[in-house]
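Shared between the two complexes below is chain A, which has chain B as its partner in the first and chain C in the second.
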Partner chain A sequence: MAGFFHQNLSYFLSGISVGGQYALIAIGYTMVYGILRLINFAHGDVFMCAGLVMVYLSASLPFAVSVPLVLVFTVALGFLIERVAYKPLRSAPRMSVMISAIGVSYLLQNAALYFTGGLAKVYPEIPFLSRSVVIWDASTRVVTLVTPFLTVILVVLLTLLIKHTKIGMAMRAVSRDFETSQLMGIKINRVISITFMIGSFLAAVASLLYFTNYASVTPTSGSMPGLKAFVAAVFGGIGSIPGAVIGAFIIGICENIIKGGATIFGIPGSGWTTFSDAFTFAFLIVILVVKPTGLFGEKAVDKV
Partner chain B sequence: MFEIKGLSVNYGGIEAVRDISFSVEEGSIVTLIGANGAGKSTTLRTIAGLVKPRSGKITFMGEDITGKDPAFIVGKGITLVPEGRRIFPDLTVYENLRIGAYLRKDRIDDDIEWVFSLFPRLRERSWQYGGTLSGGEQQMLAVGRALMSRPKLMMMDEPSLGLAPLVVRDIFSIIRTIRDKGVTILLVEQNANMALQTADMAYVMETGSITLSGKGRDLIADDSVRKAYLGK
Partner chain C sequence: MDREKRNHLIRIAAAIAVVYGVILILEFTLRPTSILFTVLRKGAIYSLVAVSMNLLNGFTGLFSLGQAGFMLIGAYTYAILTMPVSVKQSERVYKYYECIVGFDTGSLIGLIAAGLMAAFFAFLIGLPVLRLKSDYLAIATLGFAEIVRAIFQWDVLGPLTNGANLLREYKDLTRIYLPFTDIPFPPTLFVFIVAGVCILLIVLLINSSYGRAFKAIRDDETAAEAMGINLFRHKELSFVISSFFAGISGALLAMFQYTVQAQQFKTMMTYEILLIVVIGGIGSISGSCIASFLYIALSEWWLRGLDMGEFLGIAAPDLFRSGFRRLVFSVIIMVIVLFFSKGLMGDKELSYEHLKQKLSSLRKKRRASA
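For the complex of A and B:
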């Protein structure tokens, strides 16, 4: 076991790192689902837009300015999408909102296509994050090491916000019962906006970490990580934040071990590389069949 | 203190409330009784701002509050204890009370103490999740939660629904206690007997209109009320 771990250390490291990035995206899916019962298909594309805006901003601005601007832009984008595409459909059937989300997803992708001309844009090297380090004979970049810690810190902060602040309490109330929340004097539209803004903020952080590793951004760059984060959210039990985080780390690690040198069923690593994406989705099917509510899916505690 | 004039409300494609008018005196208990679907709940939901009226005027302490949103109305001092209690099941009892005071910016510790003294059971269970309480305890919590907004007028929609007779008696005695503390009560009930005994003033609703009104005690003696609602 120790030998296996040591042999595959660099894949473990990148697995934990990618897992952390998926986790930050997955939280956006799971929080929005928790409150609106909506799968926000545009979330992966918001993540892509954050990457693209970083490319354009960093061309003329120093990182100390462009990074905060990217965060602000992404939060504003999340807010705007909710206001324009979801809020007017508040009392419409859920299917309509979902279709609106798919529409926003395509709109963002095509807007990106228009601005980039379809060319892959080279992501800037953020000096601190891109530096190489060697730990225990495995060579990697600072971003790989920073990601899991940053993820854990952000998740802890978010959990504290939800558990111990007034707005967090309002979020939990609204996610259960719109009407009774209104009777308490809670403005549900405000709470929903804040939820989208938090999700978008985390997606922007994820984009900074993710694209530093992947070096380029295309209009469809958001689909695959978005989809995998979504699988992670379903695996963890959609609506549950700890579930999404744990699911994301598991998927990130498994995926990279498969990609890497591990010998599975007697076939050496290189033989499985092409199946790493397939694994994630096969995994999704298995989860949906075996445990549709995921690891920490909503338990009903109602008692009459 | 509170007055409704010519209120009509469409709900679910039908005219659920038709041109009703009534008023509530400060410090009194007023009840709306009537059969299922008579429009009682819709009336309360309209006052609370959850449903927009088609026509009519609602005045509270001299101010027109017709068609305002729920947060505004709670802020003015009108609260609704909804039908079926609607406790937040995954908030603790303590949090359920805190969220009742959502709009308040001042200290709420004394009010929580007051609610705990009204309902000692809630103090014992303050760290439990709302969803784990029994029906009677949930009703107490729903009333306590409503009180946390420091209402001047508390509306209650079917507080006795689904509760054991002994618990219903408790709830009604609590309603009187709350009134004695200066909170005006507007009560909707199908349990007409209990409601009429408790109320100072009562209105009977039938298919969206008010057909009869009078003092609670007088209506208990009224023949048509006895036949239709008291089963005598």
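For the complex of A and C:
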């Protein structure tokens, strides 16, 4: 066991790091789903946009300016998407909102395609994060080590926000019962906007960490991490933040072990590489069939 | 059968005959490389897959996003089956693998097999997945399509699927002949006949008692169940049939493109088909068809200038560069989704009466404003 662990250490490390990044994206999904019952298909593309904007901004500005600007931009983008594409459909059937989300995703990807000309953009090297370090014979980057800690800190802060502030209480109320909380005087539009802004902020942080590792941004590079983060959210029990984080770490680690070349069922690792993405979805289907409420999800009761 | 209904059927038959007649005439008058043929063929193929998606989303109320996966299964089945044995054994296509399929079939058998294979996979995946509710079903079917794409690119299956490399030299549109002769079949007409027959079958299904059961499930599951409709069986039936036709449209797409590669059947493709269904109107067969042709004509032909630097006589190479067409397109789609959520047709069908009504209401409006 220790031998296996030592051999695959670099994959474990990158798994934990990717897991942390998925966790930050997954929180955006799970919070929005908890409140609006909507799979925000555009969330992965918001994450990609944050990466692209960073590429363009850092070309002319120092990091101390461009990083905060990226965060502000992404938050504004999340806010704008909610106001333009989801708010007008508040009373429409759920399917139309989901279609609108798919439309936004399509729009963002095509916009990115237009502005980049379809070329992969090289992500800037952020001085401190990109430095490489060696741990127990495995060489990796600082970002790999920073990610899990940063993720945990942000999640703790978010949990405190939700548990102990007024807006957090309002969020919990809205996710429990949309209409009653409205009757209680909660301004739901404000609560929903803030939820989207928090989700986008975390996605922007995730994009800083993720693209530092992967070094390039393409218009479609948001969709896969986005879908995986969503799977993580489902696995953890949609609506539950700790669930999403744990799910994301599990998915990140499994995926990297598969990618890494461990021999499974007698077929050497290189044969399984194509399945590192497919694994997530197979996992999703299994969870949905076996335990649709996820690890920490509440059992929903269907009303007739 | 009362007279009105008979007149209605005669009108429809006449309209269809006119469409096919025009296509036959076009095939013999225009040059074969004309852009019009591209639009017509691709439009017909997308019509079929859009209608098959509409059967699920619009008529049964199952929000499924697996269409690209089933098209991929169909396309590969068709390509592998109809590729001549001599090509399979040469190094022209299977360069890195020994092909293990030692026979080839005609294109009709290939098409049907493509549908059956897609339907078979749909049956298997439907067993667990169709028990899920709306958005969970969407994400599970989306995931299934991704899994299919990975499996077809897996190099262990290389001797069957040629790994991640493309397949070609199978019986594409230039290699189909009239039965028992070697006179080439007019390609656009072929696509229209296959797509037309399939869509007709779907329409017949929707108007049958099964179709009414599907609609009952869409409108209210609980009520439908209380009326004695077996929910799971009907959902599975609708899913399998829809996938059958998606498989056939995948095979047609493979014929149309001359080459096929798993890489191309991404989630984006399913999104495009879904957006076509939405533009046409969820729950309208004719809407889906009209929207497909419009979508293809716009994206392949009329809006081309947006990518080429000049549009409607305005030359602005800096603005109208590659990708602008799709950007404009997605904005149009968002406008439709947000402000015209009924789409072109709503859940109505295109008919003579419908057109007459539209015209008279337009005329009334004009009179009122004058």
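Operating definition for what follows: the second predicted complex is superposed on the first by the 297 of 304 C-alpha atoms of A that agree within 3 Å, B and C clash if a C-alpha of one lies under 4 Å from a C-alpha of the other, contacts with A are read in each partner's own complex, and residues count from 1 in each chain.
Here is the rule we go by: contacts are C-beta pairs under 8 Å (C-beta built on N, C-alpha and C of every residue); 3 or more make two chains touch, one makes a residue touch a chain.
Keep in mind the model is a prediction, meaning the values are calculated, not measured.
Visitor: Which partner chains sit in contact with A:L113 here, chain B, chain C, both or neither? Use first/second/both/neither.
Guide: So A:L113 only meets chain C here.
Visitor: Which partner does A:V134 contact after superposing on A: first (chain B), second (chain C), both, neither?
Guide: So A:V134 meets neither chain B nor chain C here.
Visitor: Check whether A:T180 is in contact with chain B, with chain C, with both or with neither, and answer first, second, both or neither.
Guide: first
Visitor: With both complexes overlaid on chain A, does A:S100 touch chain B (first), chain C (second), both or neither?
Guide: Once the two structures are laid over each other on A, A:S100 reaches chain C alone.
Visitor: Pick one for A:A170: touches chain B only (first), chain C only (second), both, or neither.
Guide: So A:A170 only meets chain B here.
Visitor: Regarding the shared-chain residue A:L227, is it in contact with chain B (first), chain C (second), both, or neither?
Guide: second
Visitor: Name the contact category of A:A85: first (chain B only), second (chain C only), both, or neither.
Guide: It touches chain C, and chain B stays clear.
Visitor: Is A:A64 in contact with chain B, with chain C, with both, or with neither (first, second, both, neither)?
Guide: Neither partner.
Visitor: Which chain, chain B or chain C, ends up touching more residues of chain A in the combined arrangement?
Guide: C
Visitor: Which parts of chain A are touched by chain B and by chain C alike?
Guide: In the superposed arrangement, which is not itself an observed complex, chain A uses residues 304 for both chain B and chain C.
Visitor: Okay, in this complex, where on chain B does chain A touch?
Guide: Per the stated touch rule, the residues are 48-50, 69-71, 74-75, 79-80, 82, 86, 88-91, 95, 98-100, 102-103, 129, 131-135, 145, 149, 162.
Visitor: Of all residues in chain A, which touch chain B in the complex?
Guide: By the definition above, chain A touches chain B via 166, 169-170, 172-173, 176-177, 179-180, 182-187, 301-304.
Visitor: Which of the residues in chain C end up touching chain A in this complex?
Guide: Checking each residue of chain C against chain A gives 57, 63, 125, 128-129, 131-132, 134-136, 138-140, 142-144, 146-147, 149-151, 153-156, 164, 222, 266-268, 271-272, 274-275, 278, 282, 321-324, 326-327, 329-331, 333-334, 337-338, 341.
Visitor: Per the contact definition, I'd like the list of chain A residues that touch chain C in the complex.
Guide: 37-39, 84-85, 88-89, 92, 94-96, 98-100, 102-107, 109-111, 113-114, 117-118, 220, 223, 227, 230-231, 234, 267, 271, 274-275, 277-278, 280-282, 284-285, 288-289, 292, 304
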